[in-house]
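Structures follow.
Two complexes come next, and they have one chain in common, chain A, joined by chain B in the first and chain C in the second.
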Partner chain A sequence: MRIFKLKKEYLFPFLESISEGADLWAPTKKPEGKHSFQIIKDFSQIDLDYTRTILPPRKIFLPPSFNMFKATEKKYEADFSHVTEKIIFGLHPCDIHAILIMDQFYKHHYNDPYYIEARNNTLILGHSCWPDEHCLCKSAGTDIIEEGYDLFFSELEKEYLVWIGSSKGDDLIRRKPDFFDENITDKDIQKYIEWREEKDKAFSVSIDFKNMPDLMELKYQDPLWEKLGQACLACGSCSNVCPTCNCYNINDKPFLTENASHISRCWDACTLESYSEVAGGENFREARSLRLKLYYTHKLQAYISKYGKPACVGCGRCIETCPVDINIKTVAQSLDNETVDAFWDRFAKEVTK
Partner chain B sequence: MKNDKLKIGFYELTGCAGDCLLVTDCEMELIDIFNAVDIQSFAMVMSNNTDGELDLALVEGSVTTEKEIEELKDIRKRAKAVVAFGTCAVLGGVQARFIDPKEWEKNLKIVYGNTEFTHTKPVQSKPIDAFIDVDFYLPGCPVSKEQFLNFFTRILKGNPPEHYPNPVCVTCKYNENDCLLKKGELCLGPLTADGCGSICPNHNIPCNGCWGPVEGANVTSEFYLLKEKGFSVDEIKKKMANFSGTKITDYFQQLDKEPK
Partner chain C sequence: MNGETKNIIQENPFMPEPARIVRTYHLTDDVKFFQVRITDMDKALSFKYDTGQFAMISVLGAGEAPFSISSTPSRPGLLEFCIRKTGIVTDSIFRLKENSLIGLRGPYGKGFPTEKMEGKDIIIIMGGLGAAPLRSVLLYCLDNRNLFNRVILLHGAKRPSEMIFREEFFALKERDDLECYMSVDEDDTGQWPENVGVVTTLFPKVKDLDAENTVALVCGPPIMYKFVINELIKLDIPKDQILMTLERRMKCGVGKCGHCAIDYIYTCLDGPVFTYWDVLHMRELI
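And then the complex of A and B:
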């Protein structure tokens, strides 16, 4: 792996030079202060001083809703209009780890062409970050990224250390060779080491993910799940903001005049009531507690047994989003018999008083 | 020429007529809609409406007079299928927000005094399924263009209509809005059926619940959550009841039974 130095003032000119003919996606600040990945029209929109976006980057590969086919009486016409040349800039290590999990999922048993086509046409440009009180990436082992990106920008004081992660990334550097300095000094290395050490100390929460599969098993019938189910608003937000959730639903959207239909695909969430409803109206996970158990089995147990790592990258989105505090932190803490500060716990005490 | 097009009627009871107006607002599809079916009655847009047999009747508005009860029963007799079209027809609308009958009588007196009703007698506002069987519900204030067109197209093609079982939060998150409930606002998103495109939260306004309660809404949890955030019981109940009409009473009775 090669590493270069890039002066900060060269960043936007560099991005401009590589994004011709492609959509450049980057974090932008919304008026109320939260961040969102958007297509950049003007470089002043980019805000790198962010911790997490509301929706995860998977929305860039597979939007919440898109058409897969146009079906007529005689044939299916595949629709790949969501696939365009894209560059995503500013992804944090946890989100890149999540993309690697998506890759595993969509390529494991069956190659999902809608994901793979979009993925193959997208360049991943990562960016270093600083944790806040919700970040669990260190616990999840996703605070450092070694693969899955084309370029990675580690921010030092006045410059970036730019890590090249792929041959495509190498090609990008070659477009502006004058911008990149190969001469990395001992002082630069020292600065980087100090930054890494400081960052390591900045984490305020931790979860022992290693224990989770066992605890999930031991506590499969625990009253905890009833408590969570009692408070869950079934809004689906924890799934929608999770960078590793990948379930979807398929709907027919018939045309009014032509004898044809769009076959559209939209995000679905196991925490929503309709998710487990089957033909005939039967619902085998009608109780909210059962749906949450499914969600957390996937994140904390099943994925670990299959792939050796949790399906949680510790991005903290569920912690920031759930109105009743059902999130990876409070659930894991509770599985570990720790006391939690959460509405769902207070609510359980209130209604059984 | 034999006319084998579906015979359809649009009817307005008590409401703002916004749902029928929305149909006329489907400008790109309007000609196709009128070509695809045989519209027998649509008072907002045509004269010479007839009161014959119908394949489908879309009824907007709630029932607020005795005359409307008769009118509604007559529509039911003539139509193979009836759709409750819009929140007023589905739930009773804002005019049904006084759940207690005594409250309604009191308000009637305040507004009309001792007026003698000669034309027809007023009744407490109710959704249409208080009087007739309803085959399908399309809530909305007004109904969503997308949901209406999808429903209309599916019926036309002989397909069952699609259900919309999700709360507003799903689309709200797709639109990447910061959660207003989490921020401490009295937002009814998790309790409310989706279809509006989360239009209020998109503009930083908490959801008013105008689509009515979503199936499986966890009213109890949201109620306690709002209480914890400092809202009064009265304030919460008032907002929840605003659009949900009589159908929120079951939830409230449930709440009242729970220990405080």
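And then the complex of A and C:
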């Protein structure tokens, strides 16, 4: 792997030089203080001092709702207008790991061209980060990233160490060869190592993912799930914010003016009541507890058995988002060591104030 | 900084193929039979499928839904479906006349393991709309009759008027290489020539079943499974030789939308045909 040094003041000029003909997406700060990936019109919008965005970066590949087909009686025309030349800058390692998981998922068995085309036309520019009290990436093994990016920017004091992760990434830095310095000194390396060690110590929570498949199996009938189900509002937020959730629904709407139908695809969530309904109004998962079990089976068990790693990258979004404190951390902790009653007491204290 | 739109040449598994309804008629009040042909002749003839697989059928402006293929791969060219009217998509399919166009994509899922069934005694137990996927495998067995040992059909319906493929199966009764038994829960016509009673009351008619060498195929309403499987277990048919199909909500058929998940399993990829042994291990169904 090749590594270069880039002075901080060169960052925006460099981004400007490579984003000709492409949408540049980067984290921006919303008025209420949370962050969001947006298309950048002006570099002053970019705020790299962030931990996590509200919605995961998958929204950039497959937007919450987009058209798959425009169709008439005689002809279905595929609509790929969501596929544009894109650069995503400022992705943290956990989010890049989530993209690797999606790459695998959308090529499994059948290729999903709506994802794959969007992905193939997107450059991934990662950025280092610092954990807060919700970050579980160290537990999930996603705090370090070795593949899946074109460039990765590790922030030191006055400069970045820039890691080249692909030949496309290599082409990018060749556009501004004067900006990039090949001479990485022992002092730079020392600074980087110190930063790594400091970061490693900065994690305040951890969960033991390796025991989760067994615990999900052993505690599948545990009363814990009933209690979680009673608390859950079935709002679907935990799915919408998760970078590895992929469920969707299809809408087929006739547009009379065009004499055509628009067939669109929109995000769905397994925690919503309508999710498992079939013909005749029968619902295989009427109980909220059953839907939560499905969500956590996917995150903590099923994916491990298929692909050897959990489908949770520890980004902490569900922890920040769930209004009643049901999230990967509280569920894993309850499965692991806490008794159901302890969870319930804490729930009663913290949430139903 | 303005993203340019791209030209796409990838193959699109979500793209429906235009197909024409060649024939359609009522099987019962709320179930219709559809014979369709993919309009592109090459594609129609190269459409290879297994018994028990399903296709996604779409009607413009209404949507798309999964349906079992009721025809047999041993008679290529035309595809057959039986469809019960129950909601938005099925209502609009019902309204379509012969010669109308629909969208079709597939075939999807794992069907019946017909190769493994060769040389075995085959007992097919269907109730209600369960006839849709099981007719496919029944016709396949009859078209390749020398590959299988005994072939037995038990067919149940609520009333004579609700029996799907009634005439077709009555005609099959004439064959001496098929043991065909039919039953209705209640006979409101007073003219039903066959058995009256739930489908399990047909079991005593099947004599000398060689359990170890039998494969049972079951499809019907949820309540039927319970009683039929109990009977099959009593007859000592091994759990992994009892095959059944599961119905789940399906939006894509290709393992992407998540809707058909049961625990780990995507019904559209790993099913819809499962053995009873598989089903026993699905925590969500226990």
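FYI, the second predicted complex is superposed on the first by the 335 of 353 C-alpha atoms of A that agree within 3 Å, B and C clash if a C-alpha of one lies under 4 Å from a C-alpha of the other, contacts with A are read in each partner's own complex, and residues count from 1 in each chain.
Please note the rule applied: a contact is a pair of C-beta atoms (placed from the backbone, for glycine too) under 8 Å apart; a residue touches a chain by one contact, two chains touch by 3 or more.
Small disclaimer: the values here were computed from a predicted structure and weren't measured.
Asks: With both complexes overlaid on chain A, does A:S19 touch chain B (first), chain C (second), both or neither?
Replies: A:S19: touches chain C, not chain B.
Asks: Looking at A:G236 after the superposition, I want to know if it touches chain B, chain C, both of them or none. Which is it: first, second, both, neither?
Replies: First partner only, chain B.
Asks: Does the superposition put A:I144 against chain B (first), chain C (second), both, or neither?
Replies: neither
Asks: Spot which of chain B and chain C makes contact with more residues of chain A, would you?
Replies: Residues of chain A touched, chain B against chain C: more for C.
Asks: For A:P254 in the superposed arrangement: first (chain B), second (chain C), both or neither?
Replies: In the superposed model, A:P254 contacts both chain B and chain C.
Asks: Would you check which partner chain A:L218 touches, where first means chain B only, second means chain C only, and both and neither mean what they say?
Replies: In the superposition, A:L218 touches no partner, neither chain B nor chain C.
Asks: Just checking: does A:P113 make contact with chain B only, chain C only, both, or neither of them? Give me first, second, both or neither.
Replies: second
Asks: Just to be sure I read the superposition right, which of the two partners does A:K41 touch: chain B = first, chain C = second, or both, or neither?
Replies: second
Asks: Identify the overlap between the chain B-contacting and the chain C-contacting residues of chain A.
Replies: In chain A, residues 251-254, 277 are touched by chain B and also by chain C.
Asks: Applying the document's contact rule, which stretches of chain B touch chain A when the two form their complex?
Replies: Residues 29, 32-33, 36, 149-150, 152-154, 156-157, 159, 162-163, 165-167, 169-170, 173-174, 176-179, 181-182, 189-191, 204, 215-218, 220-222, 224-225, 228, 258-259.
Asks: For the complex, give me every residue of chain C touching chain A.
Replies: The touching residues are 1-6, 8, 10-16, 18, 58, 60-64, 84, 86-87, 90, 101, 103, 247-249, 251-252, 254-259, 261, 263-264, 269, 283-284.
Asks: Which residues of chain A touch chain B in the complex?
Replies: Going through chain A, the ones touching chain B are 30, 32-34, 36, 53-55, 64-65, 230-237, 240-241, 251-257, 267, 269, 272-274, 277, 286, 288, 320-324, 343, 346-347, 350-351, 353.
Asks: Under the definition above, what is the set of chain A residues touching chain C in their complex?
Replies: Its residues touching chain C are 19-24, 39-41, 68-69, 71-74, 76, 78, 80-81, 83-86, 105-106, 108-114, 116-117, 121, 217, 220, 246-254, 261, 268, 270, 275-280, 284-285, 290, 293-294, 297-298, 301-302, 305-306.
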